[in-house]
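Chain IDs A, B and C follow the sequence of writing; residue 1 opens each chain.
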Amino acid sequence: MNGLLRFKWLVPTLYIVFLLLPIYWLLNMSFKNTNEILGGFTLWPQQFTLENYAKILTDSTWYMGYVNSLVYVVMNTVISVGVALPAAYAFSRYRFLGDKHLFFWLLTNRMAPPAVFALPFFQLYSSLNLFDTHVAVALAHCLFNIPLAVWILEGFMSGVPRELDETAFVDGYPFWKFFVKIFMPTIAAGIGVAAFFCFMFSWVELLLAKTLTSVEAKPIAATMTRTASTSGYELGLLAAAGALTIVPGAVVIYFVRNYIAKGFALGRV
Amino acid sequence: MNTRTPNQKAWWLVMPVVALVAFNAVIPLMAVVNYSVQETFGNNQFFFEGVRWFQEVMQSARFREALQRQLLFTAIILAIQIPLGVAIALAMPRKGIGVSVCLVLMAMPLLIPYNVVGAMWNIFALPDIGLMGRGLNALGWEFNYTRQPFAAWVTLVAMDVWHWTSLVVLLTYAGLSAIPDAYYQAARIDGASRWAIFRHIQLPKLKHVLLIAVLLRFMDSFMIYTEAVVLTGGGPGNATTLLSIDLVKIALGQFDLGPAAAMSLIYFLIILLLSWLFYTVMTKDEQK
Amino acid sequence: MALIHLEQLRHSYLARPRPEAEAPADWALRGLDLKWADGGAYALLGPSGCGKTTLLNLISGLLRPTEGRILFGSRDVTALEPGERNIAQVFQFPVVYDTMSVYDNLAFPLRNRGIAEADVNKRVHEIAALLDLEERLATRAAGLTADGKQKISLGRGLVRSDVAAILFDEPLTVIDPHLKWRLRSKLKELHQRVGVTMIYVTHDQTEALTFADQVVVMLEGQVVQAGTPVELFERPRHTFVGHFIGSPGMNLLPCETDAAGLARFGGVALAQVKGGRGGQGGRGNQIGVRPEYVRFAAAGEGGLPVRIERVSDVGRHRIVDARHGEHLIKALVAEGAPLPEGEGVLVFDPAHTHVYADGWRVETEQA
């Protein structure tokens, strides 16, 4: 490589440093108590403390926030991927009346601003007595997660030759048995990618999650904002809470790290 | 490519999806449409108002300013994130242990809840206790995003770039990985320069991926809410009040159902229209 | 254009390969030494994984050899980039610059070298005429069929008047069968007109034998035999060559060689090895003879008794599957020739009966 190109590695490196800076700052604050944070400016904790984390992990108003979030995210992922699988199969294998329009309509839901749905969702789910339940948030997130899951799965399924299906049918497999025992393992990577994205978009979305919950199913986000407004700025606590929300994401990425590049190809790139 | 056989029974496979999405999309939208053409004074009494709310919204300076801010924001975001994301993806190693590490670290911002992103940057950019705020002040810029509209915009843009550029990087990287080696080999044999390789091999093959990236970034930046609201609350004043923020203020804050509903529909339509325009413009070459 | 000399070439894809004697599988190419004359048409033939693509990529410069040198004429090009070696390579699937027109595709290598536009124009039209692409010059390259695209790839190679050699890596793989022969004839025609060295990698013996003046057969990273198609057919140096070339391939039968070097199969003496037993004391020796040189004995003539299992009619001749003990022997019988029923006696043409020790041919008195 010649000239400037020798420093190519600098580009991703600088970018990653940029990405890590705010996270480092968050971690920095999470290990200080609020007095130290407001009292002075230090690049690392002078009095390293774990009290913020301890508080969160022991106080149920805090840790339940995480639990609630995890509950509805997992519910949503299971529902979204579950119903998307047969639908994606239909789009991939069959032509039926209105199929193109249906597919397009599904994609437009990804373009719907959550802000538009905040109030209507509130009224809809309240009227069904689903306000403040995990189910409500799980279902609400289906609005944008199902179209995404269908889109991703359809891409992967189209890569599997029909001959596989036909062979199974000729061998006498009933449809559901074929689907579960033969087809799904073949597109396992696609299911993983779809589940990853559903998890991701549900975990990070908070406008709808906050709107539809109050106490029982309150996600961690709501707990964090409550802290900020009522008891003044408990910065150390907030920082620790925030840092802990990064953990599930980091864990998930670690598990799919080998598929990230492939996964973003979505089978369609 | 698989051929698809006609089969109307496929509708059964699609029913659960249609049911769930329609439940979440159609019913609320119907409610919104309902509100958008009615007036209420409480007590569940509604009076038909026709297009009055739509006219009010379109003529309101407040809406138009919010729309302008939104368009400016999205334009800046696209102008920065797409070239930056592509450049980073091009500079990334293709093989080796560095790849996994790079990808994992870059994916991290994408999985942080939006409110935490906003809160992180809220503090990070504070002039007294935030690394960035303090640093900028140390360099001579009297930076205070809670008071200065320009500083607020800079912080907002920086936060979004930090948050979402990785999406473009990952998509582009996947696209680059899909280019068969033979193309690069042929270019070496033809004595092509790096620029020629980019222009004639990589860029054409990346068109599909870039389309997805542009559409996704356009839509999501146009709909941005939580991160922005936690960061600046729309301020100082309404300097960073983008469309979603304004809409939620009106709907959930003031409970002005009529105008909120009308604004919602206009908002949704704008996104649909602009997305369709983007899509058409970017795929028109393929009609040739 | 010059003589291409591959000197003591060895290559491994591993960063730290073990010595060859210990782990031959670590090495993709083992000890190659070849000279190719200027302007010849050569084929590299062998099964998948034999190292032919590796060899091609070493010649073109896409790979740097672990050991050894590559010389074009008197120039040592081992350290040079592909663009500097002045070779052209056509890949397995068509590589064209999709967004550019056919004209621009052909002009690309010339423009990269800074050649004047007028000369570029002349040359592009010359080559386009040779390849029957004149009418499509203005079309976008992406719009052509697979064989059209391969022609463009070929054109990008031919367009450089000083190109040292054109290398082909199984270029007909994605071409429709009925267009394959057309492209193949085109290649042969081009070679005769342009006279540039062409090296053609393939696993298809028909392609190799019809295209090349000299065929290099490879197996597991080594050159097994290099010679004209006739040589390869008549005197295969290795059992692999005998078996791989020809359809059906050579018959290989285990034989016993006595101390005097007389090789027998089924009790019938078939060949006389020069100078003794040959190879590992005669164990593991094989007799190789092509079905073309196996015939049925005339009345009263002695030979190997066999039982006829099957006769396949392939048009101009018939392939007879005959069995002796547990061994199957194939014989080619002309269309109208008489064929015994059930049992028969086979005679092998001594001039074409070879003996192989450990896979390699040993000298015999008669062949």
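Here are some notes:
Just so we're on the same page, contacts are C-beta pairs under 8 Å (C-beta built on N, C-alpha and C of every residue); 3 or more make two chains touch, one makes a residue touch a chain.
Bear in mind the structure is a predicted one, so any value in this text is a computation, not a measurement.
Once chain B is removed from consideration, the other chains connect through touching into the groups A | C.
Summed over C-beta pairs in contact, the chain pair with the top total is A-B.
Taking the mean of the C-alpha atoms as each chain's centre, chain A and chain B sit 16 Å apart. One finds 57 Å separating the Cα centroids of chain B and chain C. The multi-chain contact residues of chain B, meaning those touching 2 or more other chains, do not exist; every residue touches at most one other chain.
Interface of chain B with chain C (complex): residues 180, 182-183, 185-186, 188-193, 196, 200-201, 204, 288. Of all residues in chain A, those touching chain B in their complex are 5, 8-12, 15-16, 18-23, 25-26, 29, 37-38, 41, 43, 69, 79, 83-84, 86-87, 89-97, 99, 102, 106, 108-124, 139-140, 142-143, 146-147, 150, 158, 161-162, 200, 203-207, 211, 220-221, 224-225, 228, 235, 238-239, 242, 245-246, 248-250, 252-254, 257-258, 260-266, 268-269.
Across the complex, chain B is touched by residues 57, 60-62, 81-84, 87-89, 91-93, 95, 97-100, 108-109, 112-113, 140, 153, 156 of chain C. Touching chain A in their complex are the following residues of chain B: 1-8, 10-11, 13-14, 16-18, 20-21, 23-25, 27-29, 31-32, 87-88, 91-93, 99-100, 102-116, 119-121, 123-124, 128-132, 134, 162, 165-166, 169-171, 173-175, 177-178, 194, 208-209, 212, 219, 222-223, 225-226, 230, 243-245, 247-248, 251-252, 257, 260, 264-265, 267-268, 271-272, 275.
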